[in-house]
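Sending over a structure as structure tokens; questions will come in a sec.
In this document, chain identifiers A, B, C, D, E and F correspond to the written order of the chains, with residue numbering beginning at 1 in each.
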Amino acid sequence: MFTVETGSGFWNPIIWVIAIVVTFLLIYILRSLGKKGYKKDTEQVKSFLSGNPEYPKEKMHIKASNLYWGFTTSLKGLYTLLRKMHTGNTSDYVLWFVIILAIFLLVEVI
Amino acid sequence: MNVPDYTIALVVAIPLLGAFLTPLVGRINDKLRNIFVILVLTLNAFLVFLLASDVLTTGIKTYVFGAQDISYPIVRILFEVDAMSIFMAIISSILVTVAVIYSWSFMKENTGLDKYYTLILLLTAGMLGMVLTGDMFNFFVFLEITSIASCALIAFWTHKGESVEAGFKYIVISAMGALFVLFAIALLYGQYNALNIALLSSVIQYTFLDKIALVLLIVALAMKAGIVPMHMWLPDSYGSAPSSISIILVSATLASLYGVFRVIFTLYGNVLSKIANFGIPVNVLIGWLIVALAVISILIGVFMALIQSDFKRLIAYGAVAELGYMFLGIGTGIVALGTAYGKTALDGGIFHVINDALDVGLLFLVAGAIYYATKETSLDKLGGLARNMKYTTVFFIIGFLAVAGMPPLNGFASKLLIYESTFQLNPILAIVAILCSILLLAVFVKVFYSAFMGPQLPKFKDVKEVPKSMLFSMGIIACIIVIFGLFPEFIINNLVEPAANALIGYSEYISQVVVGGI
Amino acid sequence: MIFNIPYIAVAVLILLGLYALIFKRNLIKMVIGITLIESGVNLFLITLGYRKESIAPIYTSSPGGVMAFPVPQALTLTSIVIGVAVIALMLSLVMHIYRHYGTLDVRKVRRLKE
Amino acid sequence: MTKMSKIVRTIASIAFPFAMIYGLYVIAHGHLTPGGGFQGGAIAASACAMILVAFGSKWTLDKIKEKRLSVFESLGGIGFIAIALLGLVFGAAFFNNFLTGSNFLFGTIPATGSGLADINTGGVLPLMNFAVGLKVIVGLFVIVLVMAYAATSFKEDKK
Amino acid sequence: MSTRNIAAVIVFSIVAVFFIFTALLMHPFGVPDESDMDDYIIDNTQEETGANNGVTAVVFDYRGFDTLGEATVLFTAVAGVIMIFRRLKND
Amino acid sequence: MTFLELLHIIIPILIVAASVVAVLLKDLLAAVIAVAAMSLLLSLEFFILQAPDVAIAQAGVGACLTTAIFIIAIRATKRMEGEV
């Protein structure tokens, strides 16, 4: 019912579920050991930026396009190629179909 | 459970009749029309499940249209339902029913809903016809119904230029693909004077013209399934359609994928492993070509998803990558036809079909829910939605963990089968697949962070949770995902394994129609 | 070989349609390309069903003799109606594209890219 | 599209009944002579399109609403699928030709071989021809009508 | 000529060669190889369907389900065209 | 070579010629008329290939209604291909 045999190994979700439950229990226990001095809506909740004023909410939130900036910049060459490939031109869509058709015909038919 | 034979015909006829009746019902009352459509689809899904239980216990069922006595059934149209067809039919009926329940509140504000529901029913009939039919030309007709209905639905929001553009791109691509499919069918008809898949499969010779027909069929159907580099229409159309349509389009795409499987495994199954092309068996050649395209699909899908800023386009590129995983499993299965790990790969690929449909479908529904609540799809402008939309957030977490293949959800079980079997074919393939799976997780973590996490933005302060019908439909899919994740062995033994056996066992498929077997 | 000219016409029609789809920039020209491919495939189907010195497969006051195949003709009927449906939908979308974009140049109708 | 001159309108209204009758003839004799639901439907729809061109799309849409027309189209579709389902009820299978050989409506079988045949033959084929003919006439005409009207209104939007 | 057009011409000519070969290798014009299915239909049309027109018999009887599909395609297109040109509320 | 065989050679060539004209013409209205001519020739070819049913359908649908739809679309947009 639970175990999937893959030929060289197996996979059982129940073990994982048990592991996840145990982890959550541990987290809960550790969390309940912490200090109880937290009070809502007081000075202690406010963020402290070395005395500088806090930015407005929109600026605090990192935009989606900037999230993996390092990754995309280091792969700039690849990404310029990929962007060039996706022209958005309907004729090019048809052209890609014909290209794959030609490759398949050359490999398969000759 | 035994059902009468004509259930097969009713499965396609009921949505069609419903589609013809919907404009008439829609003149009476809007609410009545919605209930009518949901009832028709539920009845249909019920029939599909009855048929499934029958087919999975007793084997292949056939139905000949219009025959008094079945003395020479080949001249008539034949529906042939095996485990693979019923597997796809189950996917389609689940997704369509969910999408219609979702549309109840999602599309409430729009005009032209009569035609919207009519087209959904027609699309359902088209998809079910594509997967159940046993006749090549009938397949083409249903392919056209599917593509025309989905094109019109993609362009539903005609006040947006993008929607219309995506609809045009989709119809150009699908009309051309369908015409090439028809050309290939004509080539086969011209040689063997037959249109029935089983009959064609029993007499096929693999001459020059058969090779051309094979290539045309595979390439045209693979394009309609959205494999790289012929995938560009897919993000356009998924991204511009209403979310309730995007989820049905996932299933329509998978119906084309089924066409590829049927052509390779059944129509050409007879000649595939027996004939060699310059020394290499044909199945190895085709299999490696498909594996190559699959790896490119995974890579490009993931890398492009990483830089998207539109929610739905991002999911669409994720879907392209997922499609690559399916093709990877199937391609490995074709290369290693007959070996144990080839069978495992086939299982993994087919299991991934249903997993992908559910996971990507759930993500599209979440994207639609966010659009409904905020009228925004750009990820750059979203943020902090988890505070106000708790249930949606939970569904999104389930969906993205499943797509990225995190244990213990269903995506992992199928991906594990694919990793293990491709490792035995070539370790590099497995490594690429695993790395891209991790990247896919990164992609969706980005979405999770930028849409749901972060500070609460002032403009989204008054955002409310979406209505109950949308939550209900998302909940259904999330439940199925969790169940599939917890009982993978049960699903594999009862749904996936019979489907894989049905694909490999072409001789049984043939012997149902052609007397005396091959 | 000379009598294979209808088949060659079919191939040329399909290739002309593909040419119009790939190299022409006007959207209506692309629709014309689809029409040409469709005509080619229809002609192919009918040509497959022709037998030399045959008559049409209709018994009413027929002179008698070998009959042409009826099945390809039925398939072509289906294909023709499907073709007009596809073209109507395409042209309606073209009209909408012109309203939104103000152009029919395929290189400019690409707000959706990357 | 705007109205055309009076000569064109007169000729169109004279020619319209003839074209329509020819289309209906082709539909009705579909099982005997070349023709059938689709061909006759296309001819009749062309006749309707001629009226549309002569009188302008505004006038035509004032006379006939496209919603009413699409009801007719639905009826054609329902009729077709209902005949198919009757095959399941009275005959052996979906799409069974259950009327052939029953000597009832269109039920007689013609003499084998070439020759003339009665119109009272063909079983359910003539009925299906009528259903499909209705559907094709209305369907094609609605397509042309809606597109022509939209073209006019788009032009006016620009001005 | 841009890179795209050069690639397009090359690929297009490859496909063209294959298509022309396909046309040349078809069975000779007017002499089909196989004719089982169609001969059966031609011989049995009048008895089984009662129609004198073979094409109509195939369209509505032997392959009636295709015709249902075709009628559905037309219905779909009509629904699509009406839907695309519908009135939007905000207009 | 009989007359019918000659027709089987001439009409396909004419069809191809008409479609080449349809692809090359810059005036879209003229191109559509060329497509209509191609459709009519195709219908004639269907007729001499012993398919009168298809010939009627092609003449009605392909040559008449498709052309009408094309002309409506061109009236709603631009007539010349090169115009932006």
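Things to note:
Definition applied: contacts are C-beta pairs under 8 Å (C-beta built on N, C-alpha and C of every residue); 3 or more make two chains touch, one makes a residue touch a chain.
Just so it is clear, the structure is predicted and the values come from calculations on it, not from any experiment.
Graph distance from chain D to chain E, where chains that touch are one step apart, equals 1.
Shared contact partners of chain B and chain F comprise C, D, E. In this structure, the chain pairs B-C and A-C differ in their number of contacting C-beta pairs, and the larger number is found at B-C. Nearest to the common centre of all protein CA atoms is the CA centroid of chain B. Chain centres were defined as the mean of their Cα atoms; on that basis the chain farthest from chain F turns out to be A.
We define each chain's centre as the mean of its Cα atoms; on that basis chain C and chain D are separated by 23 Å. Put simply, the C-alpha centre of chain C and that of chain F have 10 angstrom between them.
For this pair, chain E with chain F, the centres built from the Cα atoms lie 17 Å apart. The set of chain E residues that touch two or more partner chains comprises 8, 12, 15, 18, 22, 26, 29, 32, 35, 37-38, 41, 46, 48, 52-53, 55-57, 59, 61-70, 72-77, 79-82, 84-85. For chain B, residues that reach two or more other chains under the stated contact definition are 16, 19-20, 65-66, 68, 137, 141, 144, 148, 151-152, 155, 158, 168-169, 172, 176, 190, 195, 208, 212, 236, 304, 307.
Of all residues in chain A, those touching 2 or more other chains are 82, 86, 88, 90, 92, 94-95, 98-99, 101, 105, 109, listed in ascending order. In this structure, the chains touch in the following pairs: A-B, A-C, A-E, B-C, B-D, B-E, C-D, C-E, C-F, D-E, D-F, E-F. Put simply, chain C touches chain D in their complex at residues 56, 58-64, 77, 80-81, 84, 88, 91-92, 95, 98-99.
Residue ranges on chain D touching chain C, taken from their complex, read 32-34, 36, 38-39, 110, 113-117, 136, 140, 143, 147, 150-151, 154, 157. The touching residues of chain D, when paired with chain B in their complex, are 67, 70-71, 74, 77-78, 81, 84-85, 87-88, 91-97. Contacts from chain C toward chain B in the complex involve residues 14, 21, 27, 30, 34, 37-38, 41, 44-45, 48, 71-72, 75, 78-79, 82, 85-86, 89-90, 93-94, 96-97, 100-101, 109-112, 114.
By the touch rule above, chain A contacts chain B in their complex via residues 1-4, 6-9, 11, 13-14, 16-17, 20, 57-58, 60-65, 67-68, 71-72, 75, 78-79, 82, 85-86, 88, 90, 92-94, 96-97, 99-101, 103-105, 107-109.
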